[in-house]
Each structure stands twice: as structure tokens, then as C-alpha cells.
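Here the structure comes first, spelled out in C-alpha cells, and everything after it is commentary.
Residue numbering begins at 1 within each chain, and the chains themselves are lettered A, B and C in the order written.
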Amino acid sequence: MASAKSNPGNYFEDFHIGRELVHATPLTVSAGDISLYRALTGSRHALYSSETFAMANGFKGLAVDPLLAFHVVFGKSVPDISLNAVANLGYAEGRFSADIYAGDTLRAVSEVIGRKENSNGKTGVVWVRTMGLNQRDEVVVSYIRWVMVHKRDAASPAPETDVPEMFDAIPADTLSTRHDYSAWNDDLAGSPHRFEDYEIGEKIDHVDGMTVEEAEHQTATRLYQNTAKVHFDAHAQKESRFGKRLIYGGVVISIARALSFNGLANAAEMLTINAGTHAGPLFAGDTVYAWSEVLDKAELSDSAGALRLRLVAVKDQQCETFPLRGEDGKYAPGVLLDFDYWAAIPRR
Amino acid sequence: MASAKSNPGNYFEDFHIGRELVHATPLTVSAGDISLYRALTGSRHALYSSETFAMANGFKGLAVDPLLAFHVVFGKSVPDISLNAVANLGYAEGRFSADIYAGDTLRAVSEVIGRKENSNGKTGVVWVRTMGLNQRDEVVVSYIRWVMVHKRDAASPAPETDVPEMFDAIPADTLSTRHDYSAWNDDLAGSPHRFEDYEIGEKIDHVDGMTVEEAEHQTATRLYQNTAKVHFDAHAQKESRFGKRLIYGGVVISIARALSFNGLANAAEMLTINAGTHAGPLFAGDTVYAWSEVLDKAELSDSAGALRLRLVAVKDQQCETFPLRGEDGKYAPGVLLDFDYWAAIPRR
Amino acid sequence: MASAKSNPGNYFEDFHIGRELVHATPLTVSAGDISLYRALTGSRHALYSSETFAMANGFKGLAVDPLLAFHVVFGKSVPDISLNAVANLGYAEGRFSADIYAGDTLRAVSEVIGRKENSNGKTGVVWVRTMGLNQRDEVVVSYIRWVMVHKRDAASPAPETDVPEMFDAIPADTLSTRHDYSAWNDDLAGSPHRFEDYEIGEKIDHVDGMTVEEAEHQTATRLYQNTAKVHFDAHAQKESRFGKRLIYGGVVISIARALSFNGLANAAEMLTINAGTHAGPLFAGDTVYAWSEVLDKAELSDSAGALRLRLVAVKDQQCETFPLRGEDGKYAPGVLLDFDYWAAIPRR
């Protein structure tokens, strides 16, 4: 007597505009998660490594890296949003709106805000706004993402197209930091370069490379309770397009961000995720390199400014030439990630 | 001047009925262990993931998964019980009798409760009851296991055979939960299916697969301070029966249990381990799948019932056909684990 | 517009005698780090595993293994000291001068205390004394290390040679333990052997072996925030001398020390690092074995003595014959580590 109690996930037809999805498995993010995040990504930003450094700059205790919180919230949404996804197409309007500390409990909810059937009649694109909330029901992170998902039945009629309007980037005049950076210590933070030292258009080669092993990306992705099968099931992946496990895109974001310490150590506090594209797949054994471009600058307070940064991850080639797109305008071979965010950085 | 201070382990002759063994290395189980357990197994049960979810259901804080505690207690017993073991034959009468929280310190003691020499005169079977205690000397877990161990000397006389009587399964009328499940939240727990929705005889395919890497099982097994050489020493294992490292059976139990979330998310609190057989070996690179069968049901309280579940792990084949035994009655090829337990689940 | 904001590291010319280097990224060492250290090394010493055991022996809470603290402090010094190093040549005068507890924040500073240009004019040896301090500015660990580093410019003139005087080993009469071992529990600690049971000259084969995977050493090395490229970048290492990633020597020290539990479980508290040589490289897939020799003994208090121990790590061969040096006086093939330390051990 076989039953059907396992989660079939949602299909394109299930995503009605305005539908709210409450995602499973709240998570208490602990000092253990902070240690594992560091051990798996190489993160070195002092704000998220040291309780005393964090508190000297206006935090209330040992703080959780916003990207760790993002991955946790994203992971919770996978069983409801992207279990039947063909592709994760993009992110927009990501905001980190409250600090997260060791011991906080995060849960996630999503609202469907857009959908558009594809011309093939078999798939469609769904836009959701996902929010991560803490144990006091404060929103700590929210973002839009859109995914291509399968229709349950190609014969079901196409719904009215409804594509949400989105900012290209979070507007500079809406940025803020909750923190006072007037006591920032460059030596402990790891860089002498502050807000004034970066120019719009400047490109930074982060030099170092990080090779990723199967055990590492699997462990990280489970840390976030992201269950997407493509990352874990080598047996089933033998029959897939790539023939092997695909590394969760969030692993690439975090490794590239950790590599960016070498040149951007003071741009420690990620304020927003403006946009993100996973331009190519990463597999175990590949080595990730990264470079950044300063896209914009904004003043936040007397002690802090913000840099809008493009973070590009590339595999198996160093970044002296800042690879991004080919002459055809498409991403160049080996480019993994094109990620756009605002980060706070101390002023002089 | 070479000394003999390394641990030689115990041999069949050393296991006198009634002998108590105090195992080494008490362990403070922390939030770090909880994070690692999640990252290495994929565990998603909200009771052991979220402090707020746990407390809403009658726990006193961030709780430790009973299987994590089981592995820790089991690991401590290895140097004294199974260092010279030929095989780990089975478990019985496992009870989780107190909640375990981050910060509790666990230690383990065993009592020899049975022995029987094998007809070959070279090995024998030993039964022990192992108990895990917390810092207040409360028993948090106890179980019987039996192992085949080498004799030190084939010439030593066979002792009187003494096989303990054991329950096939912990009787339903002795089960209890310490918790009130009347506020259970299905959305956060990850399943709409409660006690009333499961029928005796029902089988559930847990669908997902998890490939295990050398670094993952070694890290998990060290987390539990289990030092059995077969899991760690590739150089010595080259000369062994399998020619490579063998994965600790507890890794299989925990991965299968984590996979069972997909269909049994609400059966979160493991109450007992009724029986367990490691039917075949798992090696790095293999992919674990799992299915469950509802063997029995029992009411516990107004808010909770219990399901007796058979959890079967299989390697490198999905479980739509619920593989278990061949026509000869033996475990089918690829079957890794046949595990029998009671779990509490909320009632409507 | 490419910028030069990534860290170029220091060259031989930059190491002026008396120069102080404040290293980046203070780290709050948490229960998460303790769990990961155990899971990655196999550490089983009860003092650093159990809060209750630690407190029964005069500690104030869940304590951090001195070697974990050493690796953290060492890791912080890498970007400033050894980014352009040819080789890590040795350690001396390491002292663990304060207990470290979960929640303490460690930072590191180094002072240049010696330098000597090599006759090739291209490299030189630099001696630094590195100190790790906690959030109360107490020194918790200090040590000397010397490294061979590249000159920025072979044409720059050789500085005056200045080689610091160093102890061969921390003198016995300066040793102390802050702890009272009169309540030491051998059963829980894992060994019946105390101070009186060890003789100078005695050698102990630690028997067990541990195979190291790429994911394991990378994860450990990132845990310590050690960023040396040779450990992480398989792509760049293809062009290197070994053609592959080299495992951080601290990983070898910690695994060998963890293996030494089997024979030296009661020698739990490392008091000093007298000397250390990385005699050969370790690569993923290799198996580490270890043996120890008692070099000296000293009484510390009524309840504690100290053993001066040589800890030798060897790869892919067991240690019944205590391999160390060949007839030519050079380290024998396969020898990885020759490490000299004092450890406290309870007296009868």
C-alpha cells in the first residue's frame, strides 16, 4: 500500500498572484552556523567574525553574515517554490533590514507577485517576494526572485501575464546602515582602504582562488536546509544534462564574496542584493576566482558610505583581465556569477 | 623502549556478565554539534532546528536530535566494546528517556548482559546495555546492542551461554511523550499529515537521494567521537575485505531518517529504537535512498500519537518498489538498513 | 581601470627588527569552533570536550583546545608574515599562558625579532614573535616562528644579520599549570596511565591512522582563517612543485595530537610548543599515523606533572618501528612532523 505523502512541490498552475506560502522548518541560527559558514566559505569580515569588533561598531553581539541568512531563507523556499524549477533566473530588490545575531530564529514566507507562461506551453516564469523573519516577526531580509517552473499539464490554459515592476538596483537614497562606523579599526578589519579610496568604474582583482569539493558544497547547502536534488544525488544526476551534481549558486556567491575580502575588506556590511545572475554552472573540482567593479557610491552617514559593487565569479581562470562578457554580449565562458549589491564601508 | 599504553580493546574473554564499563570522554553537546549534524545529514525536523518551534511544543530550549545523542553515546562505547569487533549485529530496546539540550554534557556506561561463544571457537557474541547520562546523571538514552568480537585466545574455554531476553519492539503501552503537541504548526513543520492520516501497512517512498563523500562520513563519525578504524584509515583498509573505508552505520541511519522528512515531517520526535540491522555496507560515492512502512500505531495523549515505523535505506536505487528482501528471505542487494522505531506525531 | 587594493603581502625588505604587525580579523572562538575542531581532527581529550570534566579540574567552563587557539592565531599572521613565504621553517618558545573559553575573542600581533639574508640574495629568513590576545588583552599564546620569504628585489642590500637566541625547549622550571588535577577521573579521561607511569626514553605507538580528504583540510584551514593559497587553489597548484594542493602543517599537528590520545589520553593540557618541524608534505588521500617519545619529565604541583613529548607524524606507514631519521641523519621518507611540547598530566 503505497502512499503519496512526499512533497510533490508546486507547478506553474499553483502560483496564483497574491498566494502566500509559509515555508517549513524555522531555524535557530547559532554560533555553530557562523563557524560552519566561515569554515565552508573562507569568510573573514571582522564584523561577522568577532563579537568585540561587531560591538565596537554598533552591533549588539556576535552577528550573522547577511549572506548566511539569505541562504537560510532561500533554502526554506526551495520545497515550495523551486522543487519543479527548470532554472533560477534572477534576484532583485534584496534588502537586509535588521541585524541577525547568534540565537535568532529565522522563518520564511513568500508571496507570488508575478507570472508569465512561456511560448512553449510547457513552462512558465514565476516571481515571488520572499521574506525572512526573526522570532520577533521582524523582517530581516526580503528579496524578489524569479524562476522558470514546469506546468503540471501542458494543456492547462495560460494565465494572464503579470510581470512585476522591479528596481534595477535599490535606489541609493533609500539606503541606510543601522551602525556607527566612527570607531572602525582598519588594522583589525584588514584593509587601509575606505569609502573615499574607491572610484566609480574601478575594478579590483581579488587574486585568490578556491577549489570546491563535493563534500564542501553539499555540507554548505544542507547547512542552509536547501534540499534541491541536483546538488545531492549523484546517482540521479548521471542521467541529467551535466551528468553530475550541480553546485548551489549560493555557494558561488558566498565564496566570491569571501574572496573579495582581498581588496574590499572594509566593505563588510552587505546592505542590499540589487541583482544576481548565475551565468554558468560550477562543479566539484572547479576553482573559483573573483573580481569586483565599483558601480556607484553613496554617502550614508558621517561615518559610513556605501559602494554599489558588481561581484563577478569566474572558474579556472584568474581575473587580471576582468572577464565578463564576450563580443556577442553574452557571458564569457567560465563566468559563473554576475552579482550586484550595495555594501556599507567606513568613511575617513 | 617501546611501551604498550595504547588501548588494546576488550576481547570476548573480557566480557563477564554484569561487568560495568565506564566509557571515556564525556561530551558537552553544543549548538555547534546541532549545526554540524544538520549540515552532515540534511536533518530538517523543526523540533530540532528551531528553539522557538521546540518551545512552542513543550521543550525547554534548543533541543538535540535524539539520533545525534545516540551516535555520541554509541561512539563512546566503541573503544571498550567493539574495538575488536567482527560485526555490529543489532540493536534493541532503545529508549530516549529525557530531552537533551544544547549545553548538556553526555557520558556513557555499559553493562554486559549476555554472551555466547560461536561454534568456531574464535569469536563470540556479546550483549551490552549502554546508557547515556547527562550532567545531572539522568539517563537520556539506553539501548541494547550485540556485537561479534574476537576471542583473545581460541584455546580459552567457552563460557556458559547467556542470551538476554529482549522485546521485539518497545511495547506501545509503555510509550510516552513529555511534550504537548496541541500547538503544533503543520506549515512550519513541513507536512499536513498527522497521526490520523497514516495507516498500518502504509508505505512511503521518500523520493530524494543523498550521495555520501569520504570527507562527510569521516567528519560525522569524528563529531560523534567514534574511533572505529574501518571508517578512517584508507591505507590499512586497502588490505581489508572491502579494500576501502566502510561508512559508519549511524551515518546511514541519520541520512535515511533525514530523507524520511519528505513524507514523515510531523513524525519528528523519535521515542525508541526497537531494532536495527545494517544489511549491507555503504561506501563513499554511493547514494542513499529511503522508504518507510507504518508497522503500528498507538495513542499517547490528547495531542499526540505514535507511529511504529520501519525505515529502510537502499543504495543507488530509488524506492518506488520498496525493496527489502528477496524471494530467499534475505535482504535484497543494495539494502543498507532495516531500522524499527517509534516516533511521536501530533493528532488532529 | 584596474586598482591595486588586494594585499601584496610583505617581502624580506619589509621586516625591520622591532616592527610590530597588527593582524586582521579578530575571531570569537565559539562552541561551533570547538565542535568543528573535534569533527575535523578526531580530538578526544576530555578537558576540551566536556564542560563538566573541565570544571572538575579547575577550568571555568567549556575550554578551547590550545592547538585550536594556536591555529587561529597562526592563521591571522599568514597575510602579513608568510604570504610570500618559500617555507615555514620552525617554531620555538610557544607558551599557552591563559585558558581560552568558548566565547572569547582572539586577535593577533607579531613583532619582527630577527632576519638573515640567504647567500643566494633572493630570499631571507625572518623571525617573528606572534602573540594571541583575548578580549581582555591577556596573552593566551605566544610563539616564535621563522620563515623563508622572498625579497621584493634581489638588488636590495642585505641587512645586518640578526638571529635571535631561543631556548631549545621551554625550561622545565618555568612550567606551571593553572589547574588542580587532584579530582582527575581516569575512566572518563580514557587512560589509567599517569605521570609516574611514563619513563624518559619511552616510545608509544599510537596505532590508529587517519586519512585526510581535500574537503577536510580545506575546511579546517578556513576555520582558522588561514588563507595561504597553496592549500586551496588546485588550479594554480597544477603549475607548482607538487602539482596539487599542499595540506596546512597545522592540520598534521592536530591530527597527530588527536591520534596520540591512544596512549597519552591523560597528557591532555598542552603547556608549551618547544619546537616543530614540518619534515615532509601531506596531500589529500594520504593517511597519517603517529608515535610519541617521552623526552623529559617535571613535577608541577601536588596533583600534576609534565611530560616533554616528541610527537612524530608519518604518512602511509604504521609506527611500530618509530620512524624518524635515516642513517644520514635526515628525516626518513614519509616523516611529516617532528613536534616537541610539554603537556600537563595528573600525578597519583
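In this section, contacts are C-beta pairs under 8 Å (C-beta built on N, C-alpha and C of every residue); 3 or more make two chains touch, one makes a residue touch a chain.
The shown structure was predicted, so the numbers you read here are calculated from the model rather than taken from an experiment.
Homomeric contact chain A/chain C: same residue numbering on both sides for under half of the interface positions.
Note on chain A versus chain B: their Cα superposition corresponds to a rotation of 120 degrees, in steps of 5. Between chain A and chain C, the centres computed from C-alpha atoms are 36 Å apart.
In chain A, 30-33, 35-36, 102, 213-216, 219 are the positions where the chain touches two or more neighbouring chains simultaneously. Residues 1-3, 5-7, 22-28, 30-33, 35-36, 79, 102-103, 105, 107, 135, 213-216, 218-220, 222-223, 225, 227, 229, 232-236, 245 of chain C are the ones touching chain A in the complex.
Those residues of chain C that touch chain B in the shared complex are 30-36, 38-42, 44-46, 49-53, 62, 102, 187-191, 193, 197, 199, 201-211, 213-216, 219, 262-265, 285, 287, 316-318, 320, 322.
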